[in-house]
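Next come two complexes, and both contain chain A; in the first it sits with chain B, in the second with chain C.
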Partner chain A sequence: MTHPGQRGFLLTAVFLFAPPAIAFAAGDYERRVMTLAGIYALAVLGYQLVFGRIGALSLAQGCFFGLGAYTTGLLGIHFGWTFPASFLAAAIVPALLAFVVALPVLRLGSHYFALATLGISQVVLLVAVNWTDVTGGANGLYGIPEVSILDRSFSSSEAMLVLVWGTLAVAVTGVSAMLRGRASHRLSVLRDAPEAAASIGIDAAAHRLALFLASAALGGVAGALQAHSVGVVSPAVAEFHVMVTILAMTVVGGRGHPAGAILGAVLLVHLPEWFRFLEANYLIAHGAALLLAVILLPQGLAGLFQRWLGEKPHFKPHTDVSSDRNIPAVRRASDGLEINNVEKRFAGIVALDKVSLRISAGEIVGLIGPNGSGKTTVVNVISGLVAPDRGRLVLDKQEIGAMGPHLRARLGLGRSFQSPATTPTLTILESVLAATSSNHDNATAQRLAESCLAFVDLSGWGVEFSGTLPPAKARDLDLARLLAAEPSVVMLDEPAAGLTPTERARLANRLKNLAEAGLGILVIDHSMDFLLPLADRVICLASGVIVSEGRPEEVARHPAAIAAYFGEGRR
Partner chain B sequence: MSASILQLLVNGIALGAAYALIALGFVLVINAIGAVNFAQGDLVMTGGFVAVILADWLIESEAWTTWGLGVLVLPLTMVAMAALGILFSLFAYVPLRNRPPVSVFISTIAFGMMLQHGANAAFGPDPRNGPPLIEAGMVSFGSVGVSLQQISVIVAATFLIGTTRVVLFQTQFGRQLRATAQDQEMAEAIGVDGFRSIGLTFALAVALAGAAGMLLSNQFFVTPTDGGVFMLKAYIAVTLGGWGRLDGATVAAILIGIFEVMVAAVVSYVVAEALLYATLLLVLLLRPSGFLAESIQRRT
Partner chain C sequence: MFRHLMLCATFCTATLVQIVASPASAKDAYIPIIVPLTGFLSLEGTAQRNGAVQALENTPEGVSATYEVLDTATSPEQAVTALHRALDRGEPVAAAASIFGTQMLAMLPVAKRAGLPLVTVSGTAKLTELNNPYIFRFFPGDAVVKVAHANYAVRELGAKRPALLYQTTAYGQSGRVHLARRLREMGTPLVYEEALAPSVKDMLPALTKLKAAAPDVILLHLHSAPTALAIRQARASGLDLPVVAGSAMHQPSTAKLLEAAHLKGVCAESASSPVSESVAKIAAFTREFRERFATDPDAFAMAQYDGINMVLAALADGASSAQEVRNWLAGHTFEGLAMTYKSDGKGNMAHDAVIICYDGETLVPTVVKRYHNVDGVL
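Coming up: the complex of A and B.
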């Protein structure tokens, strides 16, 4: 029985080798068709990084394709650059454009991201059509030199086939190396649960930028090969139908696996051959294939291999972790967390007014207050999701107010959300592995993840997909993932909501164990029954102001706290 | 005001009014299902061809004369397009209703592509001329003459936008559509047939696209590749007007029409296009929620 990783490798190797091998034997025409398929597969491979990995519908991949084609064409014709140099430039220029637009564009929500990328494509197309002196306008550029590397000509259909599919093989290897193991798990968390990703230290902006640049470069490379193989560049290479073709190939083949890029490209490039009666309107067939695929094959054709590829290795917990229930490693922040005079208004309404609090190492602090009193806002401000208008935030003597959420998380600040964020495409073990620091080697990370799962009694569940967990187990997983990031202070937003009394007791017990190991814990909850025996200290918030603070039984009796909960009239 | 500026303004408002019909249909679908309808432009183009076919058929079969032809073709086109809208929702939305909105983005792209290349296969790439809404002529404002055609387009579009608003805001049917758009589960819990509401929203949205297609088909002709530009204009109008807002989209669409005609008259159409995209990107950069506040938060 082969290992799934080896199977994925095997499958990719077959898909990389078989199509060009068949075409090589088939004849000149088929070699040219398969060369085109390889070119599109490169563009799709890049598109998978944005559409599949970031999970954003970009409509700029056709534009990067066209830009690559124009770059190599212009440099080859006007400046006499040789192929290797202009080919490299064709990867860099689209990546540069991607870099320039990335800052405003990558933070946009899905519908604006689609529009912005479409807008950029339209601008590039307008330039291509109208800057006639340089681009040749609607007629385009003719006489793009044939490929030659070190005086070796690649003009024959055999040579181009080998060049294109060789480039594709290199690209597939590079992408696979970039997206292995924990790096891939982190991207899945980022796509499926972006806020949770920041809270376990994943740098969303850097990851998205890297993928966007790589996708643009691959699109440009594909466009350049296309330009050299046909010898002409016209504005048609940057038109919307190129984008739709790439999108269709990605959806048909599947956006999650390199094999999908090859499958989709080979299939759709051959589609017109099989629907000859459509003649020049073969794009109807692309549209129909896209519609059918999005309805019938949500994972694409590569998804059909998913069960074979995706079967996870059996998870064998180390006996030592499950038997003695060790508390997972906790960083000790000797100075704890302190916030001073934090203020926050939303559209003029005071959400927090001069809130100061501290959480020491090994201490459990309860945060109570009626709905809308600002409890979650406190956690959002500390974790960096909401910027305060005023106030200081210090974690273990270090000012964290100016840091992004992921940097605070890396310093040891953890948080959970009211509804646990799930990552349906990851197993439970993978989801926890994603939170481990990239400074750990794989073996250390694996041990750490396993010990965190053992701590929340999820050892036997590691191979299950995390979307399938019942709600209480999903909360346990959330805690395990939080701990795998090795925090020194954690803030839990209503961790006991929806739990049965038994489950609450188990949670309280775990939190006490963690505090004993040195973790500072802030717990938001409504129920004093839960907090009374658990918390060392309780803070009561009402309308953004701390009205009472002290030992739990003191706060429970404090008139201001009672008033906040039951209304002013009650004594 | 000089004659040419007044005529340009009227032209701009007429174009913008047609854009407003497209944008209105675009927002209705966004609000109903939380997804962008990338086929909206191709549906406008289809509406143009439907108007061309209907006009040809009415004349050839001698069922009608050229007198009042446009006034008859407009409602007929809308009825045909409403039926297409139901069909469209059955293919592009119903199978995907429990999937992320991006699936619907893709299915509408696919549907639009099939419309575009289907029209190309059926009618060829050459521009076709649709029927005028009314016979050509001029109307005088003092010493200034303005094309009657454009005035009639503005009147028809205003009537359709007004009727849509009355239907949406003053009838029980409209309340049901809006309730479904706000929260389908809740609407169904109080007895609204959500499935039917969404189907009818598609019918209304596509009928509006068809009306715009008919109104534009005489002055600007209609070709199979027209769709992309119309879709972009609607998309931009909805973004500038505040995502999900009917009033914002309508106003923004009219302003885009005026802007385009004015800049095209002074400089060129290409510059108008480029400036429009530049404005869009700038707005997304500086004020991602549009000029007016979004009416819905993070629907997609």
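Coming up: the complex of A and C.
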């Protein structure tokens, strides 16, 4: 019987082999059209990395496509570079441009990112049109040498078809190898829950940069092949319609599966050809067909095939683990977490004023205070989402103030958010696997993930998708994912919000078990019935200042805490 | 399941139509029409298509031809694919080919390999400078019409300070080079010039800068819709200088984008202006064209009509293959409706130009100046 993961591989292999094989047996024209489809599939494969994997709407893929075309054209015509050399340069030059623009651009939010990448594309297009001495202006460059490798000419339509689809096969293999298993899951978390990604040790900046560069390189490679295929490079290769074409192919084919890149490109390159008999009206039919595909196939053509093949998630939980209620492994930070004199202001408003606190290994600390008192800001500062103006942060004797959130998480600092950030496209098990260290082999990671799920009573849910969980189970998943990162200290922001009394009791019991295993825990919660019996120590914050600290019953009686939070009735 | 059936049905139908829609029977001469029907050159491309179709539907006695219309849209890639399709679906003896110079540059190497003559009305100078024996241009190139353009502005209108707005496309850049060179030769260099992308709709910034340069004539070398926009916005902003536009302005479809009053003082270069001519054979062509396509013919339509008619004349004279048609086109003189055509050895077949002007009362221009044999080939 075929393993589910192998079905996806077979699907991709079939779509990599079948279209060029059919075209090879057909005429020159069909080979040419299928060559174009292969070229666009390469560009789409690259675009999937940015748009599909990290959910960033880049509008620069057409620009990278054009840049690759111009690079190979210029080097071939003016400098006599051989095809292999100019082809390599066509991958490197767009990647270099992507690297230069990545630092300012990749930090931007979705719509600003789209606008910034559109701006870059426009600049490249303007250069192509107006730097006439080099680019040939609007006429472009013509007479691009035919492809020749080791004195073997690839000028025939058969040879170009093999070259393009062979390159595509190599690219698909490379991308699949790069993004298999947990690497793919981490990217899904990064796309759907970016803040949660940092809290489980995923380096968002490095992942985004790597994928943006790979995307640009693949775009450049596609552009270079297109230039050699057409024989001319003009500003048309860098115009916005190329970007729109790539985007449409990605959506129609499916943005998360290499087979989607192939299917989208093959279909959208062929559609105008099928409708040519309609002459100028073919655009109406083309548009209608696209609309039909988008409405009927929200997951793209690849999603349709995956459903037909009944493809299930790659990992399956071991059935014998569901009875395993052992507490997952935690790191014991002998010196715990300590922050000293932390200050933070937002536009003149004091959010934190000389806040100092300590969480020891095996200790549960409750953080209370009225709304706006700075509780979440404390957690944000400690986890690295907000930079403090002043103060010192130390985790297990190591200064962490200058570290990014993902590095703090890798050192053993975990946190949850008020609303659990789930990844609807991943199963429960995959969501937890995403948090396991890349130092673990797959088997170890699988065991760790399954023990975390068992700890929160989610063993039986492993193959369900995260988006299908009820709210209480989503909180359980959040905790399991946090534990899979093997933290030494965790900070939980209102973990009992919305839970029933039974669920709260179960959560409290779990947290006590974790503390007994050596985990340091900071809990923010407004429910005193939940927090006071649970915490070993409580800190009360008001207007960014710690007004009371001590055993729960002491703080509950402290006048400052009563005035700030509990109210007179508590006295 | 219903969704999947619908999708399958759609794609199967499309594929079936492809198989059924075969272009030509074996004994007919197959002449594909590979022109831009969509995109920013759709007006010009449609004119080309109509001119070619009119010729192919009225073949000389003894000549039978079939055709297929293939849209090249706006990219070289689509043009090359369309050409490959035409080559794959029959044995064409010639093709009516795109007015868009960049597309022609991409199609030329393919045509050369296939030995297929391309009959075009593209004005891009570079096309006939590449020593490709399969290009035949039936619209005067920039070396002809831009000389007429500059000559009329300077010698007839007395311009001393010309300013130019041109397109960023291959058409625009090529025309700009020839205009600027000719104006320098006549001692009246441009006092201002600016390139505009075809997508630019607000031309006021460019017109304001142009006005600041204090020109005495505005030269335009823009595509159809941008030409109309430039004139409309110039007049609306009080810029009432004489305008000498590129050939796009002679097109009735361009004039219809404007009101007659806007066109007072507007002239344009062209190869011809069918709607302005009263010569019997041109009037007959115009009448038939209107009946067949419900629109007025322009110089592009008539030039493409003449070009395809020259191909048909070659077939009538016994040429039966693409190579024989090419040789006939290269070696013969042909009396067309617009002018006499003869190759200069590089594929430039047209050597005359006209200047048309609007009177501000009607949308039909008058031919005010004819420039014969500008490059001395005839």
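The criterion applied here is as follows: the second predicted complex is superposed on the first by the 528 of 571 C-alpha atoms of A that agree within 3 Å, B and C clash if a C-alpha of one lies under 4 Å from a C-alpha of the other, contacts with A are read in each partner's own complex, and residues count from 1 in each chain.
Note that contacts are C-beta pairs under 8 Å (C-beta built on N, C-alpha and C of every residue); 3 or more make two chains touch, one makes a residue touch a chain.
Here the structure is a predicted model, which is why all the values come from computation and not from measurement.
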item: Chain B versus chain C as contact partner of A:Val175, first or second or both or neither; value: neither
item: Contacts of A:Leu534 with chain B and chain C, given as first, second, both or neither; value: neither
item: First (chain B), second (chain C), both or neither touched by A:Arg276; value: second
item: Contacts of A:Gln122 with chain B and chain C, given as first, second, both or neither; value: first
item: Touched partner set for A:Val294, first chain B, second chain C, both or neither; value: first
item: First, second, both or neither for A:Val189, with chain B first and chain C second; value: neither
item: Chain B versus chain C as contact partner of A:Leu45, first or second or both or neither; value: neither
item: First, second, both or neither for A:Asn130, with chain B first and chain C second; value: both
item: Chain B versus chain C as contact partner of A:Tyr142, first or second or both or neither; value: second
item: Residues on chain A lying within both footprints (that of chain B and that of chain C); value: 130, 241, 280, 283
item: Sites on chain B touched by chain A in the complex; value: 30, 36, 91-92, 95-96, 99, 101-103, 105-107, 109-114, 116-118, 120-121, 228, 232, 235-236, 239, 243, 270, 273-274, 277-278, 280-281, 284-285, 288, 298, 300
item: Interfacial residue positions of chain C with respect to chain A in the complex; value: 3-4, 6-7, 10, 14-15, 17-18, 21, 37-38, 42, 46, 69-71, 74-78, 80-82, 84-85, 87-89, 101-102, 105-106, 108-110, 124, 126, 130, 167-174, 195, 197
item: Parts of chain A lying in touch with chain C, wherever the complex brings them together; value: 27-30, 32-33, 36, 129-130, 132, 137-140, 142-143, 226, 230-232, 234, 236-237, 239, 241, 271-277, 279-280, 282-283, 289, 292-293, 296-297, 304
item: Complex contact set, residues of chain A against chain B; value: 57, 101, 104-105, 108-112, 114-116, 118-120, 122-123, 126, 130, 240-241, 244, 247-248, 251, 278, 280-281, 283-284, 286-288, 290-291, 294-295, 298
